[in-house]
Each structure stands twice: as structure tokens, then as C-alpha cells.
Amino acid sequence: MTYILQRIAFSLLSLFVLVLISFLLSHIVPGDPAYVAAGPNAGAEKIAEIRAEMGLDKPVATQFFIYLGDVLRGDFGTSWFTHQPILQDIAQELPPSLELVLVAMVINLVVSLPVGLLTARFNGSRFDDLVRLVSIAGAGLPIFWTAILLQQKVAADWKLFPVAGRLSFEHRRFEGQTGFTLLDSLMQGRLDVFFDALAHLMLPAFALALLFTAVGVRITRTSMISEFKKDYVTLARAKGASEGRVMFRHVFPNGATPALTVFGMQFGWMLGTTVLVEEIFGRPGIGRYAVKAVTQSDIHGVVAVVFVVGLFFLVANLVVDLLLYAINPRKHLEG
Amino acid sequence: MMTAPAPEMTTETDPAMTPLLDLSDVTIALRQNDRKMVTGVSLSVMPREVFGIVGESGSGKTLFTRTVFGLHEDTYLAGGTVRFNGRALPLNGYRRAIKKMLGKEIGYIPQDPYSSLNPSMRVGRQLTEALYLSKGYPMRSQKAQDAAVALLAEVGIPEPELAFRQYPDQFSGGMRQRIVIAIALSQDPELMIADEPTTALDAFTQRRIMDLILERSRTRGLAVLLISHNLELLRQSVDRLGVLYGGQLLNVAATADIGAREIHPYTQALFDCVPGRDKRLADIASIPGEPVGAGFGTTGCAFAGRCAFAQDICRSAPLVTNTDRGTGFSACVLGKGARHG
Amino acid sequence: MAEQPVIELLELTKSFSSGAFVQNRSFALGPVSITVNSGEVVGILGESGSGKSTVANVIMRLTGFDEGSYHFRGADVRAFTKADSFAFKSKVQIIFQDPYGSLNPRATVGASIREALILHKRHLSRAQMDARVRELLAEVGLGSEDPGRYPHEFSGGQRQRIAIARALAVEPEVLVCDEPLSSLDVSIQAQVLELFKSLIEHRNLTMVFISHDLNVSRLLCDRVYVMHKGKVVEKGIAQEVLTNPQHDYTRQLLEAVY
Amino acid sequence: MLTTPRSYPKSWVEWTAIVIAAIIVLTAVFGGLLAPHDPLVIDFRAKLLPPSGTHWMGTDGAGRDVLSRLLTGAQLTLLSTLSVIAVVLVIGCTIGIFSAFVGGWVDNLLMRLADIWLGFPPLILALGFAAAMGASLQAAIWALVFSWWPTYARLSRMITKDILSAKYIAAADTLGVPAWRKVVLYVLPNAFDVLIIQVTLDIAAVMLAISGLSFIGVGAQIPTPEWGAMIADGRDYVRNGWWIVIFPGLAIFFTALSFNIIGDMLRRELDPTSQRRA
């Protein structure tokens, strides 16, 4: 119980730091924050209005508390290029991004966990060397470059997947309640839309997953190797357990736990990395929104994305940690 | 403390009996570069015998044990014969053959009770798994559960029903080692290997766990192979003692002979180092120099460089071969400590 | 005895804040009273968790204590000035259990020993220091080539000798040995035991010997304190306490050990 | 427990990586001098030329020689990467070592802060920072410093704590070794191996981040021959000028790959405690 409370307290503290960082980014910028916040084409009136709104004439501490209040109410200001409340923009852009990240995460887990386990078991073998080289190579690929190449080769030339967008032209009017196309299409029984959406997701998800999978394999491998060295594996073998039983019943549950913490963190990092992928594949999402906001010099839009990604990061970690605690409460008491 | 009515200690087993475990001229090498780590070891463990193996760190005792019982991945049996109950195991595919016997004829107790139980698996399940693997009891069956609880009671775990449902980290080191012993016993082995079973424990627990191992094996009629670096512990616990040095088996001595008659110079020197109960400071005689590690490919006797009796012949002549079955032997070329001569 | 004890712990206690911040796995201590007279070898015996290592740390002033007092040669250590504290460090030295962790792996053996001289024997010239380093290494049985080598080039027993040489470099009055033999093999243990024997004979050392090994303590110590759960349960002449113990705990321990 | 440097035979992969890394470093030093053409001169008559004898890697949409831009860009890319790492190394280690030495609530607070900071995706944090500073390569560099310092603070604090809990530090304490001497003679030499491994691996990571930031437009601006910016620039021509995108991408990839392999190799050779602390 104390662990849960401590963990939640830590998340709240993190949230506070997150607000602080957002505040620093939007208020302590070089030059006149109001001028930056107003966007390039704003007149003097508009700037004055924003200055008052941001409370820039007041002391920094007061400004911070005004900002804190705004953020807690979900008020990130209005985007000067979409002319909508930024919160509303984000709410629209978030589901496609989350969808992308979830698919990428599935790819990551499906590859990392078994490959990590197997390379740990055959540590030092040819197979292990090969996987290590491939994962190092994967970690060296610039995501945006891979994305462009995949788009040009696999989609445009080989026509295996759609080149861009979220849905094909004929499904452009498809709408659902949740905004998650995969989910909505299933709920409405529209399998054609589901597979269309999935096809559009494959390449961007793959491009996004590559780097994270390369890291995921290595993390899993390291974690599993340290488990294989423990005496309980020797005891299990001495009991006459087959290698399969040793691997899946004994090593895997223990080795997956620390790896899962890393995967929890990767969730947030992936969401942040959508900025490199979504725009290339012409997918809506907070990544593309952030890039657009940057090019349009909409600082509040950018900061809002930073905040939301950070928030998801915190929540994902909290969920993973609490989940691990629920599975095995005792493990946390020692560390 | 557990003190069962002990049957009479047998220091000398009947040489006509078939040894339970019989190694002759066993050589162990590293998979990576074929370097020979342990050379020409011959020894036999008789049924119901408690056999000890002693060696300083680097002597190769852990490597030797783990390889012979198929628990070491980086080494292999490069030569010699291993017989279990008179049946020879093939040298090719040795590891596969011996692994089939693990959990059936052979039980194993690892060194560190803090890591030898799976932390995320309930104690009961680790026992029923062992029962399933050796006897085919379905893991969730009442039969397996009852047997597991009975075993926990047998090794002296208070409230065995409760322990059955708990996780390993809810137990102290001594209790965990009892659970490990219960797991090994559950499979009704004929030979139990205990690899430094009490090194991680304090003096009281050490004594209790050793008593438990000896008492249970005596009652159940098991042979025990006890690996340790603690000479006094071995002297008080085992019938015969094999002494490893630099990857060579230099001596097999009946513990009753220690201090009573001449034994191999290295074994004698080791016992002279131990600050035993009735010794004075002046009685302690150290061995000069540093121990030779296993795998350095020494010709002749590995101990020659530190031995007080060493002559030129010791550095070149091959060691005396062990041909005994259940008695003793000294590998000394000079005949020191040889039983007949 | 009229002579003033070198170390005198009186009704000393130390408690540890629970949980997360305990670093050395130490345990609550005391109240304990321990005296060490000049030229004596005093053993402090006990199982792990008995508090014997905490006593070592208190004596070394590596940790503080709560109640009671600690006098070194009659002076209250709590009243030490900075200069007193620094001088104290040249009078009391320690040898740890683990010979692998007690030497800086990135410094040559010579540099490790010279460190003591640089801090406490400032009047020596560099050449004199080098000569002293070689003398010290020779005293513990190491060669003249060895100052330039790194710790990993030595075996466990040799490292323990190096640690002893470093401790002796400041010419301490008291040498505290915290389980100096426990992680060594028997044959090496006997070698280091002989080294201790000769140090006790040739130098007028006062020694505090902390150990769980009753047999070694009986051989080496003049007097012993037996500790259990942070308290001293029995004390007396080593030979008597460890052959004919009066306290139940000591008796049981003596029966249990091999 | 102890660092015993051992020399392992290097595989051909590792030798290749070392050679490539050496070539890249040399290119970064002499890149501009080696360039056959001016990397910035626009020549619309020579635009989108495929690789040939005169333009080994072709020309881009404004007729600039891709090879020359790549060679000149090497310096820019590597220099900005190294400046990020140098600054983070100094700032991070100062905070980390300080934190470990002081201990107590200061240590707790600093490390909690680093933990939280470390968690945030560096790319998005840098994006926010760069957007606030105004897009430029310099802004991207500072942005990465801003988001990368906790890695080193955390790492150096962890190593320092490890070292401080070692018995040789206790032995130093019983001799009265002053704190500055402990840092210089005990902590830094023993931390060196782990830090150099991290630095090598981070060269790849930081370089990827810088080029990523440049790609989305908050780093180096387009005519600048920074590798990420070059890819961004080439995107519009990717259907009829693949070489503009391919070559800078390969340059990034091989640099990152070779430094990662070297880092991996160093880890194997220098860090015997890969599994430090359970």
C-alpha cells in the first residue's frame, strides 16, 4: 500500500515538474514571450492582449500559478493557426497517434520478448551475434529516413501498402465515436474499414517501431541473461525440467518484469517520436500537429504537445508499475 | 536439532559392491578452446555413502561437479567413463544422457538458497513441479499437493500448508535451503549432490542444515556427494574425502584416517592450515606459495611446486591412477599416503 | 591495571533509521562497553548481524554513535578538533574483509601505500617514500617489483598483504581487523595468520580482531568479547571463554561451528 | 567486482566499424578541404544530376554537389554532436558527483528531478525548447543539452555512489583523504570506463536526434549542409533524385552504426559489471 502511495506521489511530483517545464518553455523564452506566443503576423493590440492574458506584467511566481491553473483546467490557449482551443485540437489529433503507437508497440513486444529470450538462451552463439548486429544497425537508422525509404519502395514502387493517409479515399467519410478508427470500425462491424486502416498503419508503425524494437531486444536479452545465471535455473534443470520449461515457466516471467518497465517508458518516447513519422506518411496526429505548430511558430501549440506527451508518459509508467506491483507485490518491497 | 538414531557409521564400504557413481579417468575441457580444466579423475561413490569433495577456489571442484552432472554449459566431458549403477554413459551426447537422470536418479542442491528458488513461483508449485517431472503427478492434483506438504513437514518447515502457498522471499536462508532439500528429496534420487549447501548460512543454520541433509539421506538410504571448501565440516560429515588441486584428484581419504595415518601430503598440509579446536598457534603450518588453478596444463603433480617432499620425478611422472572401489587412494608418485605401501 | 586503556567504549549505543537508508546492513547496537589496552589483541566475536562490524566502524570513527562515550587514550572523541581527528587517523588503521574491494583498482599498489605517507608523513622526500613503500611491502612478504603493479595483478592473499602494508604505513598504534581472513582459502588464511603472528611479535601493536571464526580468535586473541544481537554477552580471556564458555549463546555457538 | 581490463579478439565487424569511424572523424576534420565543389553555390543548370564522374553523388534540387555538402556537413554534424556531449558530460557529471557526495535530501531531490526529466522523450522536449528559442542549429544543440543532462547526472551519480561504497574509499576515509582528492584520484579514474562507453553510444543517439530535429525544421536550416536538413531538403525530389536523400541517410546510418559497435565493444572490454546491482 505504501508503495502505491509513494508511486502516485512520485507521479504527482513528476506532473508538477512537467508543468514547470511547459511554463519555462512558453514564458521564459528569449525575447518577448507574448510576441512569440502571438505568432508572426499579430498586431500590437493582439500582443498586448496576450501579454495581459499570460500575466506577463506580474511577478514570475504569479505567472506560474496562473499558468498552473490554466493547465489544470485544460486551457492551453488558442492556436493562432487553427483558430481553435488547443485542447480541442489535441483531443482530435491524439487518437490517430495513439493508434499508431499502440500498433508499433505490439510490433515491438512481439519481436523483442521472444527474440530477447532466445538470444539470452543462446548467448554467444552465431544467432546471438547476428541479432546483436541487426539490433545495433536498427538503432543506427534515422527513423525519418527509413520512413521515406519504406514509403518510396514498399508503398509507391511495390504497392504493398498505401502511400499515405489514415484511410483510403472511399472510406474518407467514415466516422466513429471514439476517434480510434480500428476500434470504431470493429464496433460498427466494418471489417473493410478496419483492414484499410490497419494497412495504412503498417508502414508508419514499422518505421516507428524499428528503433524501439532494436533497443527492446537488447533490454530483454540483458534482463533474461541475468536470470539465466541465477541458481533457480540450475535447480530447475536439476529437477529435470526441459529447456522449454526452464525458458518459459521459469526465466521468462522473472526476466520480463524489468523489461516491461522499459517498455512502459518506450510508450511515451514513441508518442514523442511520432513527430518524425506522421508528417511523412501524411497521417493526422499530435506529431504532425507539433511540426506544423513549430513551422507556424505557434509556441503554445508546441508546448501543449510536449505537455500531453509527458502526461501520457507519466500515466504509462504509472500503469506499468502498478500492474507489476499487482502481479507480484513482494518484488517491490526489497528494492 | 535433528538427531535420528544413526545407523553405525561405515568408514569402509564393501569393495565387492557395485559403485553407485563410478568415474574413471574423467577429463573436462572448455568448449571454447578445448583447454583441459580437470584431468584424469577417477573416483567411485558407493551406495548410501557420503562422499566429500574438497578444494580451494580455482581447484576445479565446482566446474567438475557441474560438468559431470550436466549443469555447466561452457564445458564438456573430453574423456573417460562415467558409470551410474554400473551402466556406462556415452561420451558423445553425455550431457543429454546425464540430464535425463537429473530429477530422477540424481538430485541437486545448489549453493545459494537466496537465489536457488524461483522468486515469482509459489513454494508449493516449485515442489509439485518437481513431483510432476519425476513421478508424473499432475501439478494441481490433490496427490501432488499432499505429497508436497508432507515433504515440507519432513524437512522441518513449520506450518507446511501455509508455506505451500507462500513465495520464497517470505523465508529465511535456512528455511529456503530446507525447501530446496525438500525439492531434491521429492524426486526420490539415489544420489544427492550438495554443492556448498551451507556456505551462505550462519554457523547455527549451517549445522542444522548439514544435520538435516545427513539425517534424511541416512533414513532414505541415499548416497550424498558433498562439495565444500570447509575441511572441518567435511571431516565431521563425510565417510570419504576426495581432494582436488589444480584440476587433479590428488587423494581419496577415509575421514577416519585423517590424523590417524599417513595421507597425501597436500591433504595433510591442508589440515595443518586449519585452526582446529585443539590447536595452538604454533601448530598452524601454512603452505608456501599460491594455489595452482585448474586448467594450467601442468605436467606431473600440480602440487609439486609447494610440496615439502617434492622431488624432480614429481614434476614429470604421471600421477598414480586410482583403481580403488570404495576405499582410498593417493596420487602421490612418491607413494606418500598410499594405503598399501 | 593503572595504565590508561587505548580504546574505551562505555555504554555506547547506536540505532539505525529503519528501511530505505540503511546502507551497510548494519544493526542496532548496544549498549556495549569495550576496552582495549595497549599491546593487547582483543577479539570481537559474533555471527553476522551481531553488531561487531558496527563496533569496528565506531572505533574507526567511520560512523557516529548515539549514547555513551568513546575515549581514545583518555580523550573524548566527541570533543576532537579537526586536527585531533586527522591525527587520530594516523593512530588507528583498519584492514577489511574483502581484499578485492579494499584497494583502488586504478592506482598502483605503490601509489595506494604512498597515499598514506603523503597525508601523514609529509616530511619524507619522494625517494624516502619510495624506499618506505618497498620496506613495508617487504615486511608483509612482497617483492621490490610490486609497487608498480596494479591490484588486479595480485591474488586475494597478496592483496590482503598489500592492505596490511598500507595500514602499517602510518605507523598506527591500533590496528583494527574486520574479518581479515574470512574470504581467503585455508592455505592462504594460514599464511596471513602467520603474518599477523609475526606483526604482533615484532611491532608493539594493539589489535582489535573482529571475526566470526572462533578458532582463529582463540589462537590470536588475548581477550575476547562475544556479541549477540548488538550486545556483549560474554567477555574474558580468549582461551577460557572459547574453551569453557559461561554464557549459553557462546556455548551453543561453540557447539555449532565446525 | 573489479575492473580487470582484458583484451578480446576483435571481430571483422568491429575492425570495419573502427575503420569507418576513423574515416568519418578524418572527414569531419578535413571535410571542407576535400570537397570537390562549393557546397553552397546554387547552379540551376546543374540541378538534379544523377551520380556521375563529376558529381559522384549527384546534385540536389538547386544544383549543389551532394558529395561536397556531405563532406562539409560531416564537420557540422559531428561538431554539434560532440559539443552537445561535451557540455552534457561536464554538467551532468558535476551534478551527479556532487549529488553522490552530498547525499541526503539534496541527493534525493536532484535524482528525483533527473529521473523525471530523463523520462520525458528527449526529442519532444528538445522540440519544445528549440521552438521556444527559435529554430537554428544552435537552438537544437542547447535543446539537446537541456534534455540530455540527466543521463549523465544519473549515471555519474550511480557510479560515484558505487565507488563511494567501496571499501577502498572507507580505507581512504580512515586515512583522512580530502574530498577533492577522492574525486580526482578515486572517483574519476574509476568512473572513466563507464563514462567513455556511454559517450560512444551517445554519439550515435545525439547525432540521430540532431538530424531528426533538423529534419522537422527546428535544427539546422535548409541550405546548411547538415545531414538531417539535407534529407529534409531532398524529400521533395525523392521521386526523381533519390541520391539526395539516400547519401546523407547512409552517412548518418554508418556513423551511428560504427560508433554503436565501438561502444558495444568497449562495454564488453571495459565494463566487467554489465549487470551492476540487481
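When the chains are written out, they are named A, B, C and D in that same order, and each has its own residue count from 1.
Quick note on the criterion: a residue touches a chain if its C-beta (ideal position, glycine included) is under 8 Å from a C-beta of that chain, and two chains touch if they have at least 3 such contacts.
For clarity, every value in this text was computed on a predicted model and none was experimentally measured.
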| item | value |
| --- | --- |
| Other chains in touch with both chain A and chain B | none |
| Lowest number of touching-chain links that must be crossed from chain A to chain D | 1 |
| Identifier of the chain whose CA centre is least distant from the whole-structure CA centre | D |
| Chains most often in contact, by C-beta pairs | A-D |
| Cα-centroid distance, chain B relative to chain C, in whole angstrom | 35 |
| Centroid spacing, where centroids are CA-atom means, of chain C and chain D in whole angstrom | 47 |
| Whole-Å gap between the CA centroids of chain A and chain C | 55 |
| Chain centre separation in whole Å, for chain D relative to chain B (CA means) | 52 |
| Shared-contact residues (touching 2 or more other chains) in chain C | none |
| Overlap residues in chain A, where contacts from two or more other chains coincide | none |
| For chain B, residues contacting two or more additional chains | none |
| Chain contact topology (line, ring, star, complete or other) | ring |
| Chains grouped in pairs wherever the two touch, ordered by label | A-B, A-D, B-C, C-D |
| Residue numbers on chain B that touch chain A, as the complex places them | 69-71, 99-100, 102-104, 106-108, 110-112, 115-121, 129-130, 133-134, 167, 169-170, 180, 183-184, 187 |
| Chain B-facing residues of chain A, complex | 230-232, 234-241, 249-250, 253-254, 257, 328, 330-331, 334 |
| For the chain C and chain D complex, residues of the former touching the latter | 23, 60, 62, 85-86, 89-90, 92-94, 96, 98, 100-107, 112, 115-116, 119-120, 151-152, 163, 166, 170 |
| Residues of chain D defined as touching chain C within the complex | 1-4, 165-168, 170-177, 185-186, 189-190, 192 |
| Touching residues on chain A, where the partner in the complex is chain D | 10, 13-14, 17-18, 21-22, 25-26, 29-31, 36, 129, 132-133, 136-137, 139-145, 148-149, 152, 156, 222, 225-226, 265, 268-269, 271-273, 275-276, 279-280, 290-291, 293-295, 297, 299, 302-303, 305-306, 309-310, 313-314, 317 |
